[in-house]
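Read from first to last, the chains carry the letters A, B, C, D, E and F; within each, the first residue is number 1.
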Amino acid sequence: MPHIQSGDLVARFYALFEGWGIPWIVPRLIVMLVVVSIIILFISVVAMFLIWWERKISAHIQARFGPMRVGGWHGWAQSIADGVKLLLKEDIIPTRADRPVFILAPMVVFAAALAAYVVIPFGPGLIVEDLNIGILYVIAISSLAVVGIIMAGWSSNNKYAALGALRSAAQAVSYEVPLVISLIGPVLLAGSLSTTKIVEAQRYLWFIVLQPLAFLTYFTCAVAETNRLPFDIPEAESELVAGFHVEYSGMRFAIFFLAEYANMFTVCAIATTVFLGGWRGPLLPPWLWFLLKTFFLLFVMMWLRWTLARVRVDQLMDVAWKVLLPLAFANLGITGLLVWAFS
Amino acid sequence: MTTVNLHLQQVKEQTGESMEEMWVNMGPQHPSTHGVLRLLIKLDGEVVRECIPYMGYMHRCHEKIGENRAYVQIIPYTDRLDYLASMYNNWAYCLACERLMGIQIPERAEYLRVLIGELQRIASHLIWLGTFGLDLGNFTLFMWCFREREMVLDLFEAVSGQRLNYSFMRIGGLALDVPEGWLGDVKAFLQWFKPRLPEYDRLSTDNIIWQKRIQGVGILKPEDAVSYACSGPVLRGSGIRWDLRKNDPYGIYDRFEFDIPVGTSGDVWDRFWVRRQEIDQSVRIVEQALKDIPPGPVLAPVAKKLRAPVGDIYSRVESPRGELGDYIIADGSEKPYRYKVRAPTFVNLSALPVMLPGYLVADAVAVLGSVDIVLCEVDR
Amino acid sequence: MWRYLRELWQGFWSIILSMQITLRYLFTRAVTVQYPEEKRQLPVRALTRHVLTVDLDSKELKCTACDMCARICPANCIHLEGEGKGKARRPKWFVIDHNLCMYCNLCVEVCPFDAISMYTGMYELGGFSRTNLVYDMETMHADGFYPTIMTPRSPAGAGVKAPPPAGAGKQTRKA
Amino acid sequence: MTPLSYYLTLGALLFGIGMFGVLTRRNAIAILMAVELMLNAVNINFIALSRYLPNSTLDGQVFAIFVITVAAAEAAVGLAIVLGLYRNFKTVNVDEINLMKW
Amino acid sequence: MTEVFFFALAVFTVAAALLVVLARNIVHSAVALIFSFCGVAGIYVLLDAEFLAAVQVLIYVGGITILLLFAIMLTTRIASRAEVFNEQVWMSGLVTVGITAILVYASLAGIRVSGEAPAPSETTSALGRLLLTTHVLPFEVASVLLLAAMVGAIILARREGE
Amino acid sequence: MTAEEILQQIRARFASEVRTSEVRRGEATLTVKADQNFEICRFIKEELGFEYLNCLSGVDWIGENEMEVAYAISSLRQPGKIILRARVPRDEPVLRSVVPLWGTADWHEREAFDLFGIRFENHPDLRRILLPEDWIGHPLRKDYQDERFVPYPWDDRKPGSVVRPTTA
């Protein structure tokens, strides 16, 4: 059963309720609710910041300003304004859409984005639940998001959306494989799937030094998994208009948008954890180090997006099966040999 | 509405439809049809099997308007054909009228026309490069190209007062001489512009994704290109060295030294590469024109009420998009009896159903981008 | 195998090169003009709203209602009616429908008295109704607008120094 | 601690539901889905027994992994067959696909 | 208190499974199947098999159902109103209910396990060790099976002339 | 091949078909009867080697009660241009299609059909191209009347017509 390990506070909280004779489930539910609210709040703030940041980065790369009006200094409140606008917008469900699936799809996507945050170690002890299968858990959960995308694409009853969903399915199935295999190398080195243990194993040396190939493979797959340029073919606006979420508007669209950025943060946080030594770093507090590294990776993702053109579907598959998979396997083989040789 | 979709229904009934093989409407509202073009595409999975273009959403009956206006009044309407190369449309129309009426225009006007026309070609190709980048998913290139294009527009605005629909040329020359110091501005612009081209190349020509995306797709064989009477970069991309500026020189193009870039295989890459090279060549022509532009008047003495002698003419120029022809029949009055525009993109677009089948949807976007259509010109 | 690796490396390197140039651009100044706060300086010849020019001495409209502009207008957007005879002829009413205007400047070119001008710099013409864009005689010579005869169609723009276009002014900027 | 029989009952129920689906559905893909349900039911039993039986090792879980492997293989091949059928017959309705040869 | 979670998950799983079998729309079936799989993964967690739970989600949800949805999208229209069940539905139902009853009876009454085994601590490494020592032969056979399945699937799905 | 030679060859081959012919601005222009237009075009393309159809346009000669299709033909290999005009009676404007010779004629002929109502036999897909499928009439005919068609008013300017009601 799931239980919270974050220090004495929670245990004392439980004890308090036991003392009052209230059923055990009540305090646990309260704790769950609080944790989930904190995560949602965190996701929202991070996603809004990321959206604003991306608009700024893209604008400056393109020799323009980006949002400048809302909120004074460089339009910092633009994301909030957009969010409020989307919240207030009319919720449109196409007449011929598959209603229950249409409504369920953004929830599935968001739930997947939310659940992945459970095992991200923001600092020593700053983790919701240190699962001993942490990395595997993240990968498993992130594959749920694809299901949501397919549901959205299918239920919209729109050919573009269905094409986007088809592409997304193919993409997800292909890129899951090199993603998992590229992560096995660092896991071998650390000897554990738990995220905190992996960070602790990088006490002396970041794994990016030992596993540069794995890092590149993972990062490429991560970009593909989050459907971002150059791999954003499920929503390629010049071909499929907006792909799977073409029929979504208002709040549901905002959820998709939020989930996309939340997923970006997740994959970058995992990369930080596995390859960049997690929260480790001199002088600054651990959580700040963690965020700094993660945001650097996020910046690289945005930078890539505003530099490159979109690949084609068949090229996407080629990259997955003919480039990334051999690289990941090569890395895994080398790592295994080295680990065997040195132990 | 029901009758309008009759053809679509017939098409669907004849071929049947399933998810594996389906008809997709690309457009009329679609980000990469460059306007309101509707492509009915038969998809087999992701592969395009058939393509039926529908257009006319922007039809304004340009030719009917032309039949009801005096010769000089048509000039502002020609701007609205290919609104990305208005100067060239002006030129084509004015040239046709001048040939019809036998008017000789002054030397300075000839030079200025070449200068402005080539600047227009640069602007037009820049916008094409940018939107082509957009089709391939590169938004940054789009913005960069637009920045330089805006500078060309600034130059044109200083000349004509307008940024898009200049109506600057007149039958017999130009409406006005260029302002003082303008030629220096053009020089300064070229100085700024030339180092920008390698920057575009970094994002496009040299980039592996860009190369892989457009090499070997949308092949138009030379015999098809001739049969469909393609012109401009589409024809040259297919490996046919044909440029009206060299092969049927109009104006004073025979005085300038420039190359005709030619592709080899006729794929999207070749068409891209030809246009990319043409920007360089246009820069060359502008520099030459700047060097030996003579002083003098810019408008030949023409009558206020222009009347063309009875007769007809098919006059053609090499606009940025290909052979822009004007077929004018004059009946001696001050209005043309028949005025037909042979729009280059209308003709180039008719080769699209030949280019698309067998490639992916993503390629369809690239191929359509490489044809470089302007829907206002297609529909007229 | 070797070829595969080389292509892989070339692809990787070309992406790095592209990224290098976008990074350089990240730290350059933007070229956007923040419109309502900053305004772009229009060139002298910018074709904007019509005005009927006023003779500086007599403070009267130069227009003699000769109907030339109305006849040349391809969009048929100028309508007027004159009254009086000979030199005293003046427009009774004069209406330009800017909904239809194509800004071709033909009316200005054809006018024998320089009585109508489009070189006014008034380009913020937005309105809430189509009738807002139909200008009558009062609107067109209101605001004390007395344009000089600097119309650039006098030979080679004599005496008028055109400001450099906005794009040309930025050439010194480092990329 | 939940008794073992609860898990086994759950497995039995799932198995029954899956069997009903296999026997009654017309759509080939639906039949595949029902088969997956049955395999899951088996897995529950494996894991529950592996957890509850005295002196048990993790053999049950290992078997569950094999079952999952087989399920994945079955899904891939099954769906390929379904697609092939669909291409030839333009239907995935197993009642209509009764010709041995096309 | 595990009972509460168990019953919640069991009801969820069975309900989703019923929806899989009974839903008229095949896509609804597939979506319900996803939820059913997630419920089973929850059951695995209750049985201290976290690794298997993750694998269940990864392979069943991330792999198999996506493949299923893929196939559904290729073969079905969204508003297909075909008959869902074949004509033997009542007989099959009867047989199913009978067999299920026997199975349930057997589960409730048949197997008696005294006491309970201690919860294993780290299952992942133990599983890996087992797979590569005791069960290495089936492990290899399974990998060969997967390879064969992959090749077979590709050949089957490939169209003639490609 | 000069324009005179071109005209000579065509006249020699299709003597009875050619109504008028002249050389203007170095271009060979000739008017022919419509019933042999395809053969003449094939002759021009295959034997004279003019493989490039620049333009095909319809003309409505309402005064002579005739319709005309004007082909502007040139070549990428040799200089020289031909303007070939085929006249058909206005009441029954039917011609052979030249799509088998030039692919580009497809859309041009559809356009001529759309705007002039000239029908082309053997055209693979003769339907409207620029106007909607349900449009009535052929707007480029000189006698085309439509309530949406506002003729350019040269003289009938009235004070009342200043602000036009915008019809939807």
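The criterion applied here is as follows: contacts are C-beta pairs under 8 Å (C-beta built on N, C-alpha and C of every residue); 3 or more make two chains touch, one makes a residue touch a chain.
Model, not experiment: these values are computed from the prediction.
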Could you find the two chains linked by the most C-beta contact pairs?
-> D-E
In terms of CA centroids, furthest away from chain D sits chain C
Rounded Å distance between chain A and chain D, as computed from the means of their C-alpha atoms = 31
Between the Cα centroids of chain D and chain E the separation in whole angstrom comes to 6
So, in whole Å, the Cα centroid of chain B is separated from that of chain D by 61
CA centroid of chain C to CA centroid of chain D, Å = 73
Residues within chain F bordering two or more other chains = 152
Which residues of chain D are in contact with two or more other chains?
-> 86-87
Multi-chain contact residues (two or more partners), chain B = 18-20, 69, 140, 144, 147, 203, 207, 209
Hey, which residues of chain A end up touching chain C in the complex?
-> 57, 59-65, 68, 303-304, 306-308, 323
Chain E residues within the chain D interface of the complex | 2-3, 6, 10, 13-14, 17-18, 20-21, 26, 29-30, 33, 36-37, 40, 43-44, 46-49, 51-52, 55-56, 59-60, 63-64, 67-68, 70-72, 74-76, 82-86, 88-89, 92-93, 95-97, 99-100, 103-104, 106-108, 111, 113-117, 120, 123, 126-127, 130-131, 134-135, 138, 142, 145-146, 148-150, 152-157, 159
Chain F-touching residues of chain B, taken from the complex the two chains share = 3-4, 6-7, 55-56, 59, 61, 63-64, 67-69, 99, 224, 226-229, 240, 242, 247-248, 311-314, 316, 323, 325, 327, 329, 337-338, 340, 342, 346-347, 349-351, 354, 379-380
Where on chain A is chain E touching in the complex?
-> 1-2, 24-25, 96, 98, 100-101, 104, 131-133, 136-137, 139-141, 143-144, 146-147, 150-151, 154-155, 157, 162, 165-166, 169-170, 172-173, 176, 193
Listed in rising order, chain B residues that touch chain A in their complex are 19, 22, 24-25, 30-32, 43, 46, 133-140, 143-144, 147, 203-204, 207, 209-210, 212-213, 360-365
